[in-house]
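After this come two complexes, each holding chain A, first together with chain B and then together with chain C.
Let's turn to the complex of A and B:
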């Protein structure tokens, strides 16, 4: 061989179609997934949707709380389930804020949860102030009781005496600093769980089970849960242990649609957008900022799931061809 | 750069760092993993002291000085100090010689927990068991499916009567529900050997029905995981790039 002759390279055996289909590079698959999970966020897509009965019940329950009443909100979510819980929390709080309902926030799920809830309320307040609406004030409209390290013990305590369970808990009162939460006007005369018209649990963990176990039958309970928890929460709903729930992104999309269109309310074309035989007319909040994470994420989820189905089909076709080739 | 912008940018770095493990194990990922764990542990420690121990236990025990001269003096309740040795006994689990002490607080917790279980079990499953009693025979054949009451023109007692009927579609649905419950329960009959063909068939059917249920739960789980990814993408592209950096 002459000195300048090229060094002979080993000939790579060409990959069959089956091998190509079953060995797509992981890196490129992730890039495609990121693209499909990002690009639709910039496009305004509306997905046709019929709200579930459980979501309509949740909305109707929230809309039935009288202005000036105080409800308990167990905010048991953090950034780990932000994809679903954040939007659910925002929707529930928007409804309660617009209706002038007061809120007592507490958490048994995670030490970070009260802070995350307060940050979300601060963002909603910015939105309200930008629209010229009054601020939803700490102490006057909501108090944060904080985190309870034992969910079972705290919920058990609430079943017998809410005031005793919240003893020693403090929140910021204007001009007074940290003050006993029971000095807040919104907790006046509400010592027992039966004094609250509603308990809403916004959760990404088992705190929903703990709540049903200990408070079912004492106070109307409603949930917003993550998609994973949807099937098991359905059992509580079917048996009447909870009055309504929204599950995952679908539940959130339902809720945002209900806020925009109401129930049995004719739209611009005179047609009722969301029908329900169970309820009379329940107004929505048309034109207000109702569309949130649900309206952004739900269409995007469809693109991502379409990619997943495509990947499953490609993988199976590849495997089928490989097996056929082996025979 | 404002404080908010720095905060969001650090969040983006942490997100990218944690997702980088999908490509391969690396130091960037390890750093943010440890940072996250450290922050979460530190935060929890402070919250437990401030919200669970200081107000409800420490302040009640030592008493609180009045903020204003007109405020009443908060007397201490030193009996609450008895909770301290009880709690500390839990840490004796690390001592070979004295680990028997840790069984005392554990025993108290187990006792409290066990005492609640009957009520908890009934609260959880009582209504669900009662809910399985569903009518499986239609009470009317006037319509095969539940009619649209709004269009029926019925009012008052006639409407209430129509709503109280069991229609064929409801009866079929209830029957499927009942079959599912019985078949799934028969799958868990371990106490005796199920030799009859009927029980074996029901048990086998129960297994398939459970698989359908697990499939639905798995599907929901996959959707949720996707949602978490979409939310992170929203955080990076919309909250950070669009709203914080480009300020649109």
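Let's turn to the complex of A and C:
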């Protein structure tokens, strides 16, 4: 062999289909995921949907609270789960705001949660003002009680006496600055948990379990939870410990659809879009800004789940072909 | 203390504002607290364990008694309890807000402990210029900036016009600074960290979710069924197909086989019962662990 001759390289055997299918590089998988989850955000698609019974129950419960009543909202989410929780919070608050229901916000889940909730209300207020609707005012329509560092103890205290548990908590009263929350008109005469018509927990953590353990049977409880928490929350719903819940993006999309179409309400073509044998007619809010995060992200969920299923199928087909080849 | 001062109901735990009994309680609690603190500081290490065990038992005993002791039924605030059983029940119930407040305060102390620990570790790292010390600088600067703007925003809202700052049009530098750091940076990074999970799930689904046994096949089929039921478009197509089948055969029985119905059946029967079983198991485990901690039988937490 001459000195300058190229060194012969071993010939690489070409990869079989099975090998190719079982060894897709991570990089390409991630690129496909990014594409699949981003592309639907730029396309306006209305996905057909049939709301779950739990979502209809949640909507019916929210719509049954009388205007002027005060409900408790445990806002136990931060932006780590905002893909689901933010939209759920907005939908629940939109319904309560439109119906003139007052809200007492508190949190046992995360120290950041009260601030996140207040910022979200500020954004909803901006939307309301832009539409010429009245502002949902702090103190007169809602108060923020703040964060309780020990969720177990605070929820336990609420079971005994809400006023004593909220004692010393202050919020901003117009013209007075920080004032004891119990001086707000919306908390007048509501000392016990039984005095509230509803407790809604918007959570991405285990605070839902604590709430059921401590407050079930004392006040009607409704949840909006992340998709991961859906199955365990289903337990409480089936046992009747909670009156309704929306789980994950599907639950949020259900809620937005219910807000647009109502229940057993005939549409423009005379057809009822969302039917339920359990309830009589429950009005929606047609034409108002109901579509939010759920409508925006639901197609993305479709593509992401489809990709997940495809990935499982490809991996398994590759494995079967490899086994067959080995035999 | 705020709890005691603000309570309108007079009982053992809430004496009238400015009364001599309240001052006596406060003074007594202060002296007791100082004595305990000093005592613990000078106590030999081997005697600390019984003290910690005693305090743990008393703290746990309150919650146990609150549940186990018969609670007074419909006892009004101006009514005296009848007999010792109702008396103890009322006493325990009255103590609840105070104990809740104390628990909250003790839990909040962990924040102070966390800040102290963070400062001592990272300041030492910076002082000695250990590996990656610039990251420690970034961490401390971020913490100081967040706390400073957070408090500046909080104080700007203290006045009578504080509620006006709920609208962005009325914001000042402190409010914009807080919004940029909290909403613009921290919260976005928080969401970004969480979204990374999607990549792990996809990678795991591709590499690990393999049909190697009958059990794995059942698991995979069920998972696919439930996942498909979450896709409204797929569920809709399935329903339309079944409806077509029903109208062509005239047999309503097929309606039980829409994707939503089958997935709902899986959820209602298998999923919830399994999860309930797991929850019971976890509950029994937590009860056993709770008993061990309450009675100070658990030694794995280190020496007091």
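Operating definition for what follows: the second predicted complex is superposed on the first by the 316 of 327 C-alpha atoms of A that agree within 3 Å, B and C clash if a C-alpha of one lies under 4 Å from a C-alpha of the other, contacts with A are read in each partner's own complex, and residues count from 1 in each chain.
Note that in this section a contact is a pair of C-beta atoms (placed from the backbone, for glycine too) under 8 Å apart; a residue touches a chain by one contact, two chains touch by 3 or more.
Source: prediction; values computed, not measured.
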| item | value |
| --- | --- |
| Chain C versus chain B on the shared chain A, clash or fit after superposition | clash |
| Touching partner for A:100 - first (chain B), second (chain C), both, neither | neither |
| First (chain B), second (chain C), both or neither touched by A:82 | both |
| First, second, both or neither for A:38, with chain B first and chain C second | first |
| Touching partner for A:174 - first (chain B), second (chain C), both, neither | second |
| Touching partner for A:197 - first (chain B), second (chain C), both, neither | neither |
| Dominant contact partner of chain A by residue count, chain C or chain B | C |
| First (chain B), second (chain C), both or neither touched by A:212 | first |
| Contacts of A:30 with chain B and chain C, given as first, second, both or neither | both |
| Chain B versus chain C as contact partner of A:306, first or second or both or neither | second |
| First, second, both or neither for A:289, with chain B first and chain C second | neither |
| Chain B and chain C contact sites that coincide on chain A, given as residue numbers | 26, 30, 33, 37, 80-83, 111-112, 148-149, 152-153, 156, 167-168, 227, 231-232, 235, 238, 248, 301, 304-305, 308 |
| For the chain C and chain A complex, residues of the former touching the latter | 2-3, 6-7, 63, 93, 96-97, 99-101, 103-104, 106-108, 110-111, 157-160, 162-163, 166-168, 179, 182-183, 186-188, 190-191, 193-195, 198-199, 201-203, 205-207, 209-211, 220, 224, 227-228, 230-236, 239, 260, 267-268, 271-272, 275-276, 279 |
| Complex contact set, residues of chain A against chain C | 24, 26, 29-30, 33, 37, 47-50, 78-83, 111-112, 115-116, 118-119, 121-122, 125-126, 129, 135, 137-139, 148-150, 152-154, 156-157, 160-161, 164-165, 167-168, 172-178, 180, 227, 231-232, 234-235, 238, 248, 250, 253, 298, 301-302, 304-309, 311-312, 314-316, 319 |
| Chain A - residues contacting chain B, complex | 26-27, 30, 33-34, 37-38, 41-42, 80-84, 86, 111-112, 114, 146-149, 152-153, 156, 167-170, 209, 212-214, 216-217, 226-228, 230-232, 235-236, 238-241, 247-249, 275, 277, 293, 296-297, 300-301, 304-305, 308 |
| Complex contacts: residues of chain B adjacent to chain A | 22-23, 40, 43-44, 47-48, 50-52, 55-57, 59-60, 112-113, 116, 120, 123-124, 127-128, 130-131, 148-150, 213, 216-217, 220-224, 226-234, 236-238 |
